[in-house]
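Below: one structure, written as structure tokens.
Chain lettering (A, B, C and D) follows the sequence in which the chains are written, and residue indices restart at 1 in each chain.
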Amino acid sequence: MSSAHHDHHESFFSKYLFSTDHKIIGMQYMFTGMFMALIGGYFAYVFRMQLAFPGQDIPGYGLLTSAAYNTMVTNHGTIMIFWVAMPVLIAALGNFLIPLMIGCDDMVFPRLNRLSYQIFLISAIVLIASFFVKGGGFGGAWTAYPPLSAKAEYNLTPWGSTLWVIAVALEFVAFLLGGINFITTVMNSRAPGMKWMDIPIVVWMIVIASILFMLSVGPLIAGAVMLVFDQLIGTAFFEPARGGDPILWQHMFWFFGHPEVYVVLLPAMGIVADVMAVHGRKKVFGYKMVLGTAIGTGILSFFVWAHHQFVAGIDPRMANLFTITTLLISIPVGEMCFVYIATLYGASIRYTTAMLFAVAFLVEFLIGGVTGIFLGASGSDVHFHDTYFVVAHFHYTFFPIAIIATFAAIYHWFPKMFGRMMNETWGKIHFWGTIITFNGIFLPLFINGLAGQHRRIFSYEHFNDLTKFQGIRVFATVNLVTLLAFQVPFLINFFTSMFKGQKAGDNPWKAASLEWQCPSPPPHGNFAKMPEVYRGPYEYSVPGRSTDFWPQNERT
Amino acid sequence: MGAQIPIATTRSATGVPTGRLAVWWVIASEIVIFGGILVAYILGRLMNDYWGADAANTNVLAGSVNTFVLLTSSLFVVLAHQAAENKETDKAFRYIWLTILGGLIFLVIKSFEWSYEIHHGMTITSSRFWSFYYTAAGIHGLHVIAGMIIMGIISFDVKKGKFLHRVENIGIYWHFVDIVWIFLFPLLYIAK
Amino acid sequence: MENLVVAASSYAKDIDNLIWIVAILGGFWFFLAEGVLFYFLIKFRHKEGQKAQYLVGESKEELKWITRPHHAILICDLVIVFMAIQVWYNIKQQLPPADETIQVVGHQWSWRFIHPGLDHQLGTADDVEVVDELHVRVDKTYHFKLEAADVLHCFSIPAFRLKQDAIPGRVITGWFKPTKTGEYDLQCAEMCGIGHGIMQSKLYVETDEQHDEWLKKQMPQQQI
Amino acid sequence: MGASHSHAGNHSSGSHHGPGHYVKIWAILLVLLVLSILGPEIGVKWITIVSAFGIAFVKAYIVVQEFMHLKNERRVVHYALATSLIAMGMFVAGIYADVGRTAGENWKNQAAQSLIDKHAAEGHNSSAPH
């Protein structure tokens, strides 16, 4: 870590690039994530166009080779999960919200925090570099199963695959540092009087997610080292001919890969809880139960990973165990959804854009959850594994998580971040444009999946049984293009509101949690006077009070 | 180190000082990282008895001496911690550098060991045992180096009587590195 | 299901039924939840001068609205688990005695199929080795020995509802019993490199006569 | 981060031991080390296992308790370490069936098996060509 010059009349450089202020670092994570999202979206556009109009010139790209197609599919997944969902949901919101919401002036380790972002930035640069090296970017799917990923003569991307693994490993290190910072901060630095049960759910969720990440990622980091050695030095950790075992990597990957789903799901759930409470003017129903289900989900998520490998060559007897645990996890998750629905009972819902997105999260995520049962049940997974049914299913979980919940968070906390409101009309246009087209993309893909159309196929022209579904592919692609087009008004709205939007004031939503009890945008050090906490974060519409919200830090 | 300390850092709702709590979390995450590679190694070892033939070529003496060195350095760092608690800064400084010296000896012995083995054709690619041998010990070695560097940096603050609590934090980390070796030693050297 | 992709193997029906069961049980809860959700969304929208209710949701009385449905879901889960494991057991674990055995080897980027010849025995002189074409007899139980030469591949026949990864260094045994003659797609379902998209073969389910015909064509030397 | 730090919450409780205590612990560790080296020389497999790994666990336990002062650390720390160990336990349990064996139900790992057989046949040191 270089030296931190830390006075208050800093140069732009030290203020925005080498700042140790948790809010600036949060912003850095958010903008980096948004930039990576553009790349991921562009990849999606290119390969969807190829699927809809195989072998034709793609506007804005040109002719797509099957190698480039694999690279784009692979990196679309990698980017959207590791460089969009995680930095925005956990790192950006975690950094921005945790100190504000637990009422302290910064993270406990500001410079560790900055280091974590710098490593993350390097990882992003390494990943982008991997697209331009000799042989092109890695194209072995985001699961990077060896031997394909381990040997250049198989994947034909000698540099791309190595850079890809290194980028992912660096990203893990960045989030380990960040996670340790989050956990320690919340454990130690809560405002006086804030008991465990007074912590806003979104903070809880980010902490639980960080712990899950920390506990699950270890084997994969070790695996990444082993894989890089296989690629560069020629060790045989995963090479069957010399005694290695590809299945070992699959286990290392999915032991992390499945908890990872909940690592991003839980913060999204937390965001939705907070947004619903504020815009529904209602206390979150069963706070303790939400926590219980979140922790239960977290624990169970360590017992289910092999359901990604049912037909991948694991012992069929193990599949039975993992079927049971996988279906069991539907209980805490389902319960959490029920609690959220119950929260809306007797609410007084303001349909702001943020609230619309929060509600849309529930509506869409239920689809993702239910379709998951088809894949968790080993018997039916035999047919669905690696088909578009899987693709549609996890987009119905990840899109609500990484996109819809993130938008809910942005529309909700934007006033606090920049001190100005976003334009509601444009927000609503953006909302409907996004939600309708999203369903337009992925509902049809369930049909393709049922028909047994496989993922990661460059072109379906040769498959006689599948050519008749071309219409569906075109329909999905048209929707995708529309969805991407509808992000333009959002970006315009976002950046114009940042400078021209109407002033927000400290607490535009009349919210009770701590982050709204300080100026917006919060100055360095956040609170003029460090707050003390007297009650939970969701005291809305308390009977017998003139105002319908009761800030955590108001004595009476 | 111009950054003034945030109020956040000085709070301690759990009763565990922030720095120490963080170190414990670092260790928790390190356990799974080393756990990942050791689990892979142990399962391979149990499945393929013939790895024992390779393991027989490891230098038990070097391994034993290194274990002794690390255990001793652990003693020094805990004594440094104690000295720091009693505000005997010079003593703490001396013990820290003794610990660093221990780490240095460990690395020197390791490098001799490795160069011998490599010259006799036992390289990281010779067999999966050797792959694990070099990878696991290598990752551990990196942790030793990291610990030495951090200790070197903090030792001068300690001499000035600043940030004395850091002696304990780095100490806990160093003990963990020691423990990892305590397991690597029988796994890689003794078990034949 | 049927009109999307034909069910041409003995256990295709079982899988389709399982899918239906899950669809019905899952669908019930899905529509119930969405129904309640939308009802709340409309009923409890903001009206002037109307305050939201203050519900803590800690008391048994309130929580029964959560706990009861979730007990019901647990039961549904158990049903699904039971069905799923049953189907799985029949497909992957317990192999019925084989009439014939074929060997399937995945390469970058083609399938190599070794059929037993007219003697129905694998590993004899009259074995027939073909690339990207699998010919099987209808209503015969087949075992397949699945291998991969270089990287992971996945032996997948949607019409059979059959899918199994091929792993280099391992031999994985599975079974299928074709029930409908015809020509079906046979795909690789595991990313296996730049040729993955074109790694598809044809599967021909034939009557005994057609199959013998085809076999004879493959080995002219035997007709002399 | 923070000199004002030592008086945040309780500070470590190493202080109520004299140096003598730590030297004693260190001596015990050395004795265990010697035992763990001598154990395998007897050449009985189970003694090797016990002396090598049993003692390793004992040594680790002593270091954690006495040098790292886990014994007077807050409970939350114990939980943190325990969970990560349990996670590793899960990992082993989950992967053993596939990675720890050369054959299972309807599959066999021919590559690994053939290597084992090959070395069994040779019956001598495989890797190091002296």
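As a working rule, a residue touches a chain if its C-beta (ideal position, glycine included) is under 8 Å from a C-beta of that chain, and two chains touch if they have at least 3 such contacts.
Not measured: the values here are computed from a predicted model.
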Can you tell me the least number of steps between subunit A and subunit D, where a step is a move to a chain it touches?
1
What pair of chains is linked by the largest number of C-beta pairs in contact?
A-C
Please identify which chain has its centre, taken as the mean of its CA atoms, farthest from the centre of subunit B.
C
Roughly how far is subunit C from subunit D, centre to centre by C-alpha average, rounded to an integer in Å?
42
Separation of subunit B from subunit D, taking each centre as the mean of its C-alpha atoms, in whole Å
14
Express in whole angstrom the distance between the two chain centres, defined as the mean CA positions of subunit B and subunit C.
49
So how far apart, in whole Å, are subunit A and subunit B when each is placed at the average of its C-alpha atoms?
34
Mark out which residues of subunit C touch at least two other chains, giving numbers and ranges.
92-93, 168-170, 172
By the touch definition above, subunit D meets two or more other chains at residues 1, 76, 83-84, 87-88, 91, 95, 99, 105-107, 109, 111-112, 115
Of all residues in subunit A, the ones touching two or more other chains:
108-111, 187, 214-216, 218-219, 240-243, 245, 247-248, 313, 316-317
Let me make sure I understand the interfaces: which chain pairs count as touching?
A-B, A-C, A-D, B-D, C-D
As the complex stands, subunit D meets subunit A at residues 1, 76, 83-84, 87-88, 90-91, 94-95, 97-99, 104-107, 109, 111-112, 115
Inside the complex, what are the residues of subunit D that reach subunit B?
1-6, 8-12, 14-15, 17, 19, 22-23, 25-26, 29-30, 33, 36-37, 39-40, 48-49, 51-53, 55-56, 59-60, 63-64, 67-68, 73-74, 76-77, 80-81, 83-85, 87-88, 91-92, 95-96, 99-102, 112, 115-116, 119-120, 124-130
Flag every residue of subunit C that touches subunit D in the complex, lowest number first.
92-93, 95, 168-174
Residues of subunit A defined as touching subunit B within the complex
3-6, 20, 99, 104-111, 176, 179-181, 183-185, 187-190, 214-223, 225-226, 229, 233-237, 242-245, 248, 252, 530
Name, in rising order, each residue of subunit A that touches subunit C in their complex.
65-67, 69-70, 139-141, 143, 145-148, 154-156, 240-241, 245-247, 280-289, 311-313, 316-317, 319-320, 323-324, 327-328, 330-331, 334-335, 337-339, 341-351, 359, 362-363, 366-367, 370-371, 373-374, 377-380, 382-383, 385-387, 447, 450-452, 454-459, 462-466, 540-543, 548
